[in-house]
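Across the two complexes that follow, chain A remains constant while its partner is chain B and subsequently chain C.
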Partner chain A sequence: MTDKSTDVTPPHADGDLRAPATREERRAAKRARRFENPWMNPKLYWGAGLLLGIVALGLLGRLFWDMDSVFTGANLLKLPPVGFENLRGQAGTFANPLGTDGAGRDMVALLSLGAPNTLYVGLLASLIGMSLGIALGFTAGFVGGRVDDVIRVLSDVMITIPPLLILVVVQSVFGDVSLTLMALLIAGFVWQSPTRLIRAQVLSMREAGYVQMARLSGASTPHIMFREMLPNLVPYLFGSFIASVTTSIVTAVGLEVLGLGPQRVPTLGRTIYEAIDAGALIQNLWWWWGLPTLLLIVMFLGLLLVNLGLDEVSNPRLRKL
Partner chain B sequence: MRLLTMTGAAAALMATTALAQDVAREDTVIFDLDRTISDPGNFNWFTDGTGVRRLQGAHQTMWEPLFILNYGTGELEPWLASGSEQNEDATEFTVTLREGVTWSDGETFDADDVVFTVNMALENEEITAREAATLREQVASVEKVDDLTVRFTLTDANPRFLVENFGVRIFGSFLIMPEHVWAGEDPATFTFPEPIGTGPYTFESAATNRAIWTRNDDWWGAATGFADLPAPQRVIFLETGGEESRAQLMAANELDAAQSVGVGTFEAIRAQNPNVIAWYADYPYAAADPCARQLEINTTVAPWDDPRMRRAVAHIIDRNQIVNVAYEGTTEPSRTMFAQFGSMDPFISAVEEAGYGLSPTADVEAGQALLEEAGWTRDGDYYAKDGETLSVAIHVNSASQEYVRTIDVIVEQLQRAGIDARAVPVENGVFWGEVLPFGAYEMSYSWLSCGSVNEPWASMGRYTTDTVVPVGERTPGFNNTARWSGEGAEAYTAIMADMEGRALGDPEVPAMVAEAYQYLDAEMPFIPLVQAAKLVPFNTTYWTGWPTADNEYNHPFHWWNHTHQILQNLEKAE
Partner chain C sequence: MNDLTPDDPVLRITDLSIDFPTAKGVVHAVTDLSLAVAKGRRVGFIGESGSGKTTTALAVMQMLAPPGRVTGGEVILGGTDMLALSEDEMRRARLSKVSYIPQGAMNSLNPIMRIEDQLWDGVTAHEGARPAEELKRRSDAVLESVGLPARVGRLYPHELSGGMKQRVCIALGVILSPDLIIADEPTSALDVVTQRHVMQTLKDVQARIGAGLILIGHDMGLMAQSVDELAVLKDGVLVEHGTVRQIIEAPAHPYTKDLISSVPLVGGPSFLDAAATPAAAPPRETEAPLLEFRGVTKRYGDVTALQPMSFALTGDVPKIVSIVGQSGSGKSTMGSLMLGFTPPTEGQVLYEGADVSKMGQAAALDFRKNVQAVFQDPYACFNPFYRVDHALKFPYRRFGYAKSDAHVQEKMEEACEAVGLDPALILRRYPHQLSGGQRQRLIVARALMLSPKLLIADEPVSMVDASLRATILKNIHDLKDRYGISILYITHDLATAYHVSDYVIVLYQGHVAEAGPPREVIGDPQHPYTRMLIDSIPWPDLDRGWGTPSTAQEDAERLDRFARETRTVMRGGIEGFTLSA
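Up next, the complex of A and B:
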């Protein structure tokens, strides 16, 4: 009895009584801080963390792994990851911890080159697309008139064209394309949404007091557009940027899975294409198509979280107290 | 691309089963088609360079050959013909036709049809199919002796005339067309919209991804007692589009004969469906393909017009690695340009003894030395000359993993050695129809020296200078697509002209092969790579009697004209 009471009561009784209070307080303080500094957003952190993880995979892989084993015929074919056996009864080895594909390419090397490449295409494409969108959107919204008509009609028409259809044709004609060229091609299809979005915002802002004030004080058009109005759109642009990165990656992966896009440069989509083309499903070579799919999931999850986080940053109503 | 075709194939299969409802699955045999039927309503095989107007089932079920070469025995077995005679110097051949053969519309098949069709090929230069072009080169005239006898007079002696033109030696044979349909039509433009043949099946319908053929119960063969009516009531050729869908359809018994697959895929199919068999019961399963693989080079395109550059590439290629990676060990490196059949041994040894044999491994230094001799210097990753990087685009037919993988390996080997190589995958029909015949490539992967099975001329004779045409014009019969010319080629052609008339088994021929081979070795108009093996899966769930090593009535390549024999041998599974 005494044992029991000494064992259980003193510290727990104490803790049980005090802990909720302090935890509650701490939580409240945390929430308050978050409200004051919206950038301290866990979704944002997690999302950015996942994306940085992909970049880190690329860096660490290049530093610590033999990237030459990404070449055709560098290893034995169709080896499973460590701890598994393939249909032939071969066990995985630590020389190729994630296994190899049907051409003897090491999966670790393939993924640590391929995942950052896929991210790179998405980032570059939407960076270019966004810049284009910002420039056109501002011009249309602020200058108005004929310029506005041309830009608006152009972006309205372009938004109805399914990008994959055009890109499939274009890339079949090009044959082998580089990652950068592919990003450029995709960029041609991600500028319309930001253009429309920004044009709409600029139209409503144009009549705002501070813009009128700037105009009256004789500020130049570019000054008003980029120095006065742009800063107010930053959270908006961020959200839009992340959305277009997602679109770009989806488009790029879509092309790669169809066997288009760069051929000798590893990307996640191309790895999946090769796996399907070589009959990896029926041969149960799940690591060949499964690991790149997993990395794509991580990448999209990261982008989604960043997007949700940015939403909360720019819109205080979404931040729960 | 492949995925699109795959879903297409699934949809097509559903459509086919809906169409073919009146014939039960167990009475239907489904063959795999490895290319799109680009123009399903056109049955003019003369103007088709891709072969798709025949291998969609037409020459397996509807059009019959005069003879069929039996790969097992080496004998030429009569089919529409009943026999043949030749004069002593092999310049005149007399073919007797079988009695009682009729077209599926009831008209009699006779010497008039043969003479008419051969004359059509002789008179019309627009006819481009390989078989027609070969015939045009060899035949001076053709005449009807009586209703069942035809006499061919050749331009040069050719003891192999019948097997080369009418015997299904490689893929097809010169197919006889009905005079009563084709007379008065322009063979260059006629599409033969309601095709008929003498075969046991008639045309039912076709779309871009399938063709359906229905048994003709009045077939002449059964009526005359030549052969039984084949057991399948319906034959379907279906484009499956790729290894994965091919394998899944096979495992699910939706396909009876597939195009070739990799050894891993075959083992996986068999793990799911033990009814699936191949040529051999055990590893390596695959049947030897008489067409040895090679790297085709367009010898008119700089810098590959320099023999040193072509020899450099030949040194850089590691054949063992191609065997291990692209074929998973199911074939062997080529020692010469020839298919390594026992009957070819004397010629292969003659070449090797003369010192022109090929190494199974690479000698990259020797290759790089040749590049440097030709004025290229290594600058970082790649060789360069006058500020230009040494690069090459290799066109590859994307229809099979085997092709794509081989070129992947070669691209990698060239890249490592300092040549910026890249693969250009092309759809099957485009590859055979546009890229290869017109010389629209720098390098490519194919088997254009294919032909020799028991003598050397059929392969070697394809690289003579008389078939050289400028890039952009169609090479007659895919002969010397490399467009190899110059002094060496002329000397080679002279030896070939001598060899052409030599009889089978002439003791001087091996020495002539060795003598001619010095020019191939010195100039490398093409680079022999590996022997080919085709792992063709057959499904015994509905049909048995497929050709295998234990049941060798002929080889298993069911896209060839000899498939009539396979259909004859099929029996309903118990």
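Up next, the complex of A and C:
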């Protein structure tokens, strides 16, 4: 391309300097700005907002609500949310605005402890899994040879093993586990796909001109890996991270709903397990299982929106003008 | 201009305008273009990337990629308004009225279908089901017309060579005898010998069916040998249109003049102005040659990329040594061996007497400091994450030249100015904000800043637009003349090698066909392969013959024979470089 043809100056660029007159033009200008700066993405904002809402729920609950009412028998049993009546004809009270569960635990306290816990397990498991994946993926792609073979076969084998099956066995042996231990166990099953993704990217990037240039410049291997290649992988890493958070939460909730996982720490999955176990469905105690489900939906929606937003950031072809 | 627009043109384009809305405003890809293509005439569209030549051709077939749209004008093909056709009418018109031969035929054929099935698909899509024997007869006939035996029809694309695949694409384009054929750089991925063969085939078939032909390209030489009329496009505007003789012999527009003068000719005037007193090579501590190959062989599995080769470049006097060859000749393998990126299968690559593949850390850094490169693809050479400064700053610091930030900055600005770039406009920018030409010059500036003893330039201008090639080669040549850097210039372009180099090595399939000073090797070739290469180059000279389809075919067949004989013709030596066959 010639020097001139790249600097395409649109003939009516001067028109853009004027304040946009009509609503149509304003909207077009906004779309164009969004196209230029991909981080200004409504999907990303909404998704991040929903996730921060979960975190805020935990913080505000601890600040403004009595967390002691999360213990068994702290309140009346099976109270409905405000404005509803339960089968025994008891009306909801403002002392327990979202009602109580079968053991008299306050739902507000239960949810504002449980929801962030579930998110925590997902984030921690994914963080550990990603770190493992980055390290293994880079090593496999960059070192190659025998090391690559081992890592590739290992991750391919691991990807075919259904994680829930193994975890059910492991957790039944462990009995009660802490949230962190649970995250660690799940992390053992979410490193494979980031490993494969990064390995593939590194393999193609290794031949890129700028990596050759860096080698010519006498760059060390760590420099090439972390200063030249990694920054260009950031969008992929973000996307992969969010995807594995989703997987981790699904796995964690799946285990908890089966009654496995942490026994004494409130989580959304555990709450649903107890509701099912106590026959909340036939007793029409909908708030007991419905509210945690609602929060899970909010969490997944948030993650999905963030993922879609990041997709548009890293793939300009998805952006619409 | 009356002779250019006869009464019954196959294609008449009137005031065609095409816009591409983008975030930064509307880009006018084509503005008020008017042109007519007569029956049986060949019209070339020439211009640089982004000049709107492909966009115009695609508009004829309603195949513009969104968000591009036609904003005005009309396209009449054989009496039908192409822009008014519905989706389905257009589908029926494609191939039967206007056919398109795309760039890079390698990717245009379905890899899991036999050639004849792909040809039959075109026929049945337009004419409905046909008896098998009729289809077979027609596909055999059309393959024969492009010089391929009928048995090719039973083969799959991967069983064909690049030139054969491109000829299959031509067969596909002419099977329904369209009124107009649009060929978009049909030979850009092929070497010169095959290019000549494919181009001659295309001309021959087109003349036989009497269709109009639009040939899109950027190579003035190829145009001169292939078309009757030439349309020069620049930034979406038709700047000049006339018969090819008229344009080449008396170009009116300054841009056309630029295009013509930017093509270097063997034996023609040089585009370099030689320095009166070339700079001396940097002082050297050892007696050992700067770079030495000792019986270096490189094999990839069963394929031998480079036959045993030995040479020594002393580096006492700066020299430019060109390594010329077509794709697959092993020239890039040589570059990669010299840089120590790939180890040789046999033999040794020595830098100042030390084996490149067995160097310690300190020696390796010293080797990197003194052996630098300019690569082919200026778009890939910059990390998109960093500003372009990074590519210059990082090695300068790494090699310990930098005294302070201000010192680095000053050096960068100096280097930019030396290659004719304005540092204020270039530095602190991101790579995507610069054009290919600017990037490649910046890479040359980087080489200059590091002042190595040896620079390996691997096809430094093959991805840069024609008008900038001479400038960049001049910059590289200056590195030798002004800064005393020895250069190994790897290229497929004999004409530039003729002008810039002190010594030329012609490689074919990993062995040296001919070597010596350029005036002898390229000016008066002795080896039949070199002679054939030079004869196959299309020159922008209308009176120079380019052979006929049958001689082109013969030459393409002779290539195989050259692969088997490994005779080397040595044509005298120069001081400071010795090649032992």
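Simple rule for what comes next: the second predicted complex is superposed on the first by the 300 of 321 C-alpha atoms of A that agree within 3 Å, B and C clash if a C-alpha of one lies under 4 Å from a C-alpha of the other, contacts with A are read in each partner's own complex, and residues count from 1 in each chain.
The definition used in the following text is that a contact is a pair of C-beta atoms (placed from the backbone, for glycine too) under 8 Å apart; a residue touches a chain by one contact, two chains touch by 3 or more.
These numbers come from a predicted model, not from an experiment.
Enquirer: State whether A:228 touches chain B only (first), chain C only (second), both chains, or neither.
Expert: second
Enquirer: In the superposed arrangement, does A:148 touch chain B (first), chain C (second), both or neither?
Expert: In the superposed model, A:148 contacts neither chain B nor chain C.
Enquirer: Does the superposition put A:208 against chain B (first), chain C (second), both, or neither?
Expert: second
Enquirer: Figure out whether A:219 sits in contact with chain B (first) or chain C (second), or with both, or with neither.
Expert: Only chain C is touched by A:219; chain B is not.
Enquirer: What residues on chain A does chain C touch that chain B touches too?
Expert: none
Enquirer: State the interface residues of chain C toward chain A in the complex, per the touch definition above.
Expert: Contact set of chain C toward chain A: 21-28, 48-51, 67, 235, 339, 341, 364-365, 368-369, 372-373, 375, 377, 379-386, 391, 394-395, 398-399, 433-438, 465, 467-468.
Enquirer: Per the contact definition, I'd like the list of chain B residues that touch chain A in the complex.
Expert: 1-4, 242-244, 246-248, 251, 261-262, 264-265, 267-269, 271-272, 321, 324-325, 328, 393, 398, 401, 404-405, 408-409, 411-412, 415-416, 422-425
Enquirer: Hey, which residues of chain A end up touching chain C in the complex?
Expert: The touching residues are 1-6, 8, 10-13, 15-16, 32, 35-36, 208-210, 212-219, 228, 231-232, 321.
Enquirer: Would you tell me which residues of chain A are touching chain B in their complex?
Expert: Contact set of chain A toward chain B: 71-73, 77-78, 87-88, 102-104, 172, 175-176, 257-260, 263-264, 273, 276-284.
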